[in-house]
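In what comes next, subunit A is part of two complexes: it sits with subunit B in the first one and with subunit C in the second one.
Our next item is the complex of A and B:
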C-alpha cells in the first residue's frame, strides 16, 4: 500500500530521477558534497520509513545524509536541515540559522511555526512539504468518489472561522454545498447532530479540539446513525471507521523531500512550501457496505480526480 | 451441682469435642463462604457498572436520555441491582432508576421541560452518595447496600500513525447500588442449611453414642436398681453376675455377697425379734391384767386378763381413756401425785380402787411403768393390774382377829387400851371426865360347865349385844377376856359429880339389862333342839378418870378392884372406885 500506485506515476518518477542523474553528472566534479541533517521528531515506524526512503532517494546524489533523533540541533557543519514532524521543526527553526526543510507537518502547524519564529530569523531559508492534502484535492476526491452527494458538512471550532470562506469557494467550485457548523460551548454533540442532519458527507478538518482520539469513536457512531459517511484525513481514520480518506505516506513525502533537497543542491534555493504531490486513496469497504454506498475502485477515483484537475486548470 | 446419669455424662463427654469441632468448622466454612459471596457481589457489581459505563458512553455523548433510561432500566433487572444513576459530568444530566438507601424515592415522572431543574435538586439529595463514591473510592459498603462508582470514559481510537492517544476523557459517571438483601438472604439460607446439617450430623453420632452407651449404662443401671432395691429392704434382689465389663462383674459379685450376708444377718435378727415378740406376747397375756396407754392418754392395748378383770373387751377398751375405770374413790390429788411419781421415777406402784364395767368397785394392785419417757411422742405407759379383792378380805379378817374379839366381834383388850390412851389424851385437853366400867358375869362358869362352851359362847354373844345397845356410839365396849367386859364412857362432863351421876345411870342400866333372862338355843347338828332360859347377873366396877392423872393400866386395875368389891359385897351390883 505504501508503494506509489499507478504505472504512470512510477514512469514519471523514473524519468525525473534519470534527469536528475544526468544533471548532476553534467555539473561535474567541482560540485561540492551537500551535508544534510535529517532530524526526526520520534523514532516511530513512520519516521523510520521516511528516513529510509529519503536516504535511498538521495543515495545517488552528492548528498551526505546525517540522520539524528535529538532534542538538540547538532552544531556539526551541515548545509541543510530536513526535519520530520512538528517537534523537530520547532527545534531546527529556533536553534539554527541554516536552511530548514520542514516535512510531515500540517499546514496549520507550519503556519503557526513560521508566524512565531520566522520573524526572528528573517534571513533564514525555511520551506515545507505539508502533511495534509490540499482542500481542493479533498473536494475533488469527494466529488470523484461520491458524485451523487452534494452537501459537504464541516465542523469548526470558534477560532477557525477565517478559513471558512476559502473552503466555501473551493467547495463551490465543484458545485457542492458547504454545510459548516461551529462547535459551541454546548458541546460537540449538538453541533455534530446539526451538521449531520443537513449534510451528505462529513469532511474532517484538521482540528484536534474536535477530532481527537477520545471523540472520534462517538463522532463515527453518530455519523453512522445518521447514515452520513465520514471522510477522513489519514489512514487511522479509515481504520477507525471513516468511509474513505486520501493521504500521503511517509515514503511519498520522503521522495518529495528528496527532490526538494536535490533542487537545493542545484539551485541553493528551497522550493516554496507545498502540498504533497502524491497521495493514496483508502476506502473502508466494510463501512461502505454498512452505509450501502457504492464507491468506485481507487484507480477509477484517481483517474476521475485527474480529469477534474485538468478541467479546472 | 447438677446430677446426670452415666449415659448423659458419656454423651456430654463425647459430644462436647464433636460440637466444638463442628462449630469451628462451621464458622470457618461460613466465614469463607460469606467472603466469597461478598466478593462475588462486589465483582458482579463492578462488572455491571463497567458494562453500564461502557454502554452508556454513547448515550451520554449523544445526550440520549431515553436510551440511558432504557439502559439503566435494563441494568436494574440484573439480580441484586437496586438503583442506577447515570451522570453526565458536563451538564449534570441525570438518569436515575430504582431506589437508593438514604435517599427519598423519586417522585412521579415529571414533564421534560422541568427535568433539568429537577435533576439539580435531585442531585442535591444524592449529595451524600455522590460524595461517598468517587474515583478515589469506587466502592462503598454499608449495612444495606453496596455502591459502585464507575467513570464513563470515551473509548480511545488512535488517529495518527504513531498510535498516540489523548488523555482519557471522563464524560460522565455511573453509580450502581447493589442490594445486599439477596446476598444476606443467601447467607442466611446457608447459615440455616449449615446449622441444620450440623445438627443432623450431630444427631447421628449422638444417637450412636446413646445406643452404644447402653452396653455400659444398662448393667450399671441394673446394679443401681439392685442397690436401690436392697436399700428399700428387698434383700432377695441380686445383681446379674455375667458382665462384659470386668469392674462391673467384680462390683456385682461384691454386691451379691454383701446382700447374702445382709440377708443372713437379717434372718437371724428376725428370728430373734420373733422370739422376743412371742415372749412379749405370752408375757402380755399373763394372769395379770395389762393395759398400754399412749402418750395421748388413749388405751392402745389390753390383754385378756384385763378383759376378765374389768369386763371391757379389747375392742371396747382400745381408744378409750383409762378414766373409764375410775371408781371415784380417789381424789384428784391422788392422781396428781401418781403422775408426778411416774414422771419423776418412771414407775408407780400402789393400790387403786377401780370400777368394773358392771359398776362393781374392786381394789387392784397397780404397777405403772413409763416407756420411752425421753421421746414424748413415743412415750407410753404399761399398767399391770392385780385384783386384790380377796386379799383385802383376808386382810380385813386378820385385822379383825388382831383387834376384835372373834366371838363377840367386840374390840379386844389391846384396842381398849389403845382407845383408853386416846380418850385420856383427849380428856386432858377437853377437861371432860370419862368412866371405865369393868363388868364380870357372876354365874357364867356353871353354865359353861353344865352345857358346854357353845352355850357359854351364846351367852357371851348375847351379853355383848346388850352392852353395845346400852352405850353411845362414841363409847367403847370391849371384851377383856373370858366373861370380863369393859365399857368406856368417854367425854362425859366437865364436872365430876355430873359425870359420876351419868356413869352411875349407865352402870345401873347395864346391870339391869344384863340381869334379864337369856334365851339360849342349844343346837345339835345345826338344828335348834332346845331353848334354855338362863339367868345371869353381873358385878360392875367403875373408875372415873381425867387426863393423865393415872395411866391406862392403873385405871383398868382400879376398875377391876371396884368390880371385885362389888362381887364381894353380894354380886349384881355397881361399885365406884373412889378417885384420888
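Our next item is the complex of A and C:
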C-alpha cells in the first residue's frame, strides 16, 4: 500500500479546507440573503421614487428586494415586509405575521393603525419610519427661520385635543406661545378667523378633517389676506402658497429604511419607530416678498437649527 | 386539497366578499380618522399664483394707496367712489346724486377722464365719453376685497388713459364667501340699501353670489332755489345689482375664474327750470358683463394668464315734451370685447419678466352723440421687467406700445429704481411717460337734436393724445417697534396737449393747453394697543398753467391753478372693544377750489367733514347666527357743503345698517 506522502497530505488538507470554506460560504450565503417584500400603497411618483432609491441603497447588500404594488400581501414567503404608505401598512399588519417596517406614514396614522390592528396580532415585530417631522424640529425651524415671530397658531379637530399639552410644552421650550383653536361644528371659518387674529404664523398639523382639498385653498387665501404666513408640511404646500416647510423626501426616507433593513440583516431586530433623519427646507420666495418677511437662506436656517438642537439636548 | 376541490366554486364568494367589505370598511374608517401620506403628497392647487400675490408697497414701481376690507368697513361708506377720499390728492364729488367724480390731481370735470379704472383686470373706463359709470357697475361695496390706487401715471402697466393714476379694484375671491349674509340699511335722504350674498367652496369649484339694491334721493334731499326757480335737481336713483363669481380649479395648475354681473336702475334727470328742454324724467340704465380668466401656473412660480371680458351698457334716456319743446331722446349703447394674455416668467432668481398683448373692440351706438355708429379697435403690446440688481437695489423697467384705433400709436415707458438703503427703509426714483387718448366723443362727437334743430357740440377731430411726463421720488419707511409706517413722495408732472372744450357758438374740443403739477403726498399708518388703527394722509399740490377757462354763460373764468385744493387731509381712526363694539371716525379736509368746468357760484370753500361709525356685533345663543348693527353719521359736525356745483348741497346723512351672517 502506498502511504500518502507529506506533500499529498498537505494537498488533501488544503482541499478539505477549501471545501470547508466553500461550503461554509455557500451555507452562509443561503442563511444571510434576506428576502424583503417592498409593498407600495400606490403607483404614484413618491412611491416609485422610494422604491428606486431603496433598491439602489440595498444593491450591495445581501438583500433581495421584491417590489409589489398590491392590495393583497404576496403569498411568496419573505423575511421582512417594508411598506410604503398607509394602505400597504394596514394590509401587511392585518394579513401577515412576519416583521413589518412601516414607512412614509405620518406618526398619527401609524399609531392609529397599530392601536387598532396590532392588538389582534400580538407578537408581530412592527416598527416605522415616519413621514412627518418631529414637532420639536418644526418649532426649531420656525424659530430659526422667523426669529421675530412669537405666536404660533394651530388648528385642531376634536380628536386631537389630547396631544395639545405636549405641543404647548414643545412650543414653550422655544419661548413661543401656542395659539390653539379647535375647529368645531360651526365649521372651519370661525375657527380660522379666531386663530389668524391672534397668531403670527399658522402651522399646519396634518388632519384630514381640516386640511383637506376643499379647505386648503381657503386656508391659504384667508391666511394670506390676513398677512399670516402658513407653515406647510410638504412641497405641494409651498408650491400652492405656503411661506415655507420642512419635509422629508421619499428618497431620504428610502435611504433611512434601507439602513434599518441592513441593521435587521445583522441583528434580526428592527429599530424602534423613528422620525426622518434628513429633511429639506423649502421657501416660497414670491410669498416671502409679497408678505415682506425676510427669511435667511436655507443653509443658514439649517445651521441655526443645528445649534438649537445642541442647546436643547 | 382534495376536500377543498369538491366544494362548489360559488362557496368562496361569500366569505371573500365579506372579507373584502371588511377590509374596505376598515380602510375607509382609517382614511377618515388618521393622517396618511396623502396629506403630504397630494397636489394642492397653486393658490397664491404670481397674479394673485400683491407686490409689497416698497417694491411697487409707483406710489400706491391700498384700501383694504377693514378700512372699507371702518369708513362707513355705502358707495365705492366715496372710498377714494382716503387716497391723498384725490377729489371725490358728484355732478349729481348718481354721477360721481373721482379725480386724482386735477381733471375735476364731470367725467374725470384721466384715470384708468379696472375691476379684476377689466377696464371700465368706457366710451363714448371716456368715463366710468360708477353707479352702473355691477359690484357692491361688500364684494370688494381691496382697492389699489396707483398714484401717478402707470401706462406702462395698464395702458392708455392711466395718465394720472390707476384704480385697481380687486373683488373677493369666489371662495371668500361661505354661508349666507344679508344686510339692510335705512337712513335719511331716502337711503335704502339691501343685499343678500351667499357662497360655497367645494373640492374643485367655488362660487359666491350677491344680489342687492341701492338707492337714495341724491341731492334732492336739500332743495335750493337757483336763479329764482325752485331747484328740483331730480337725481334720485335706484339700482338693482347681481354679481356672480365662480372658480373652477380642476387640477393643481389650472384655474378658471368667471364672473357675471348685471345692474339695472332708474336715474332721475332733468330740471324744472322753464325753457329747459331737459324736463324732469327718469333715465333707465342697464349694464352687464361677463368675464373669464384662465390661469395656468408654470414651474418656478411662472404663470400664463388669458382673460376675456364683455361689457354691455345701455342708457335709455327719453325726455318727455315740455312746452315749447318736443319729446327728445338721448339713448345710447356701448359694447366692449377685450382679450388679453399675459405671461409671467422668472428668467433667473433675480429677474422677473411680465409680457403680454391685448386686443379690444369698442362699439358705441349713440344716435344723438355721433353721426354714425362708432367702432374702435385698439391693441397693446407690453413688457416689464423687475431686476433685483442686489439685495439693496431693484430696477423696474417697462413699456407699453399702443395702437389707439384712431390712427395714433404711442409708446409709454416707465423706469423705477428702488433703493433699500436700510432694513425697512426704501427710496424710489421713478420716471414715466403716459398718454391719454382722446375719447370717441372728443374726437368724433356730434351732439345734435334734429327735433330742436340744435347742435350742442361738434368735434372737428384731429386731436393729439394728451401726454404726461412724470418724475417722482418716493420714500417708504416702516418702524415696527412704533407700529408705524410712512409713505411719502414728491412729484413733478409735465402735462401737454390737455384736451378741453372751446366756447365757440358750437363747442369743440382742442389740445388747448399745457400744465405742470407739483406736490407732495404723505400717508402714515399707525397701530397701537390691540385694536387701534390710524391712517392719516396729507396732500399738497400746485397746479401751474397760464390757462384760464374763457368766460361764457356757465364758466366765469376758472383759473387752472384752483381746480384742485392746495391742501387735502384725510384721516381714519378705528378701534374695537372687547364686547364686540367697534368705533371708527373719519375726517376729510379739502381746501378751497373750483371745479374746472364750473363757475364762481360753484366754488367749494374750505370743507371739513367728519363721519362716524358705531357698530355692535351680536351672536345667537345657539351659535351659528351672527350679526351686527351699525350706525353711521356722515358730515357729523359741519353744516351743508357744496359738492362740485352749488345746487349739490350735501347735508348730514345718517343711516342704520343691520346685517346677519349664517
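Simple rule for what comes next: the second predicted complex is superposed on the first by the 282 of 313 C-alpha atoms of A that agree within 3 Å, B and C clash if a C-alpha of one lies under 4 Å from a C-alpha of the other, contacts with A are read in each partner's own complex, and residues count from 1 in each chain.
Keep in mind that, in the parts below, contacts are C-beta pairs under 8 Å (C-beta built on N, C-alpha and C of every residue); 3 or more make two chains touch, one makes a residue touch a chain.
Everything numeric in this text was worked out from a predicted model, so none of it was measured.
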* Asked: Does the subunit A-based superposition show subunit B and subunit C clashing or fitting?
  -> clash
* Asked: Touching A:264 in the superposition: subunit B (first), subunit C (second), both, neither?
  -> neither
* To do: In the overlay, answer first, second, both or neither for which of subunit B and subunit C A:189 touches.
  => both
* Contacts of A:214 with subunit B and subunit C, given as first, second, both or neither -> both
* Asked: Thinking of the overlay built on chain A, is A:105 touched by subunit B (first), by subunit C (second), by both, or by neither?
  -> second
* **Touching partner for A:234 - first (subunit B), second (subunit C), both, neither** => both
* To do: Look at A:130 in the shared chain and tell me whether it touches subunit B only, subunit C only, both, or neither; answer first, second, both or neither.
  => neither
* Structure fact -> Partner touching more residues of subunit A, subunit B vs subunit C, is chain C
* **subunit B versus subunit C as contact partner of A:292, first or second or both or neither** => second
* Asked: Now for A:224: first (subunit B), second (subunit C), both, or neither, which partner does it touch?
  -> second
* Structure fact -> Stretch of subunit B hitting subunit C after superposition, from 38-46, 128-136, 146-154 or 452-460, is 146-154
* Structure fact -> Residues on subunit A touched by both subunit B and subunit C 44, 46, 187, 189, 208, 211, 213-218, 221-222, 234, 236-237, 240
* subunit A contact footprint on subunit C (complex, rising order) -> 23, 26-27, 30-50, 53-56, 58-59, 145, 173, 175-176, 178-179, 201-204, 206, 249, 252, 301, 349, 623-624
* **Touch list for subunit A against partner subunit B, complex** => 42, 44-46, 187-190, 193, 208, 211-218, 221-222, 234-237, 240, 250
* Given the complex with subunit A, which residues does subunit B contribute to the contact? -> 57-58, 61-63, 90-91, 154-162, 164-169
* Structure fact -> subunit C partner, complex, touching residues on subunit A are 41, 44, 46, 85-87, 90-91, 94, 104-106, 108-109, 111-113, 116, 131-132, 159, 186-187, 189, 206-209, 211, 213-218, 220-222, 224-225, 233-234, 236-237, 239-241, 247, 284-287, 289-292
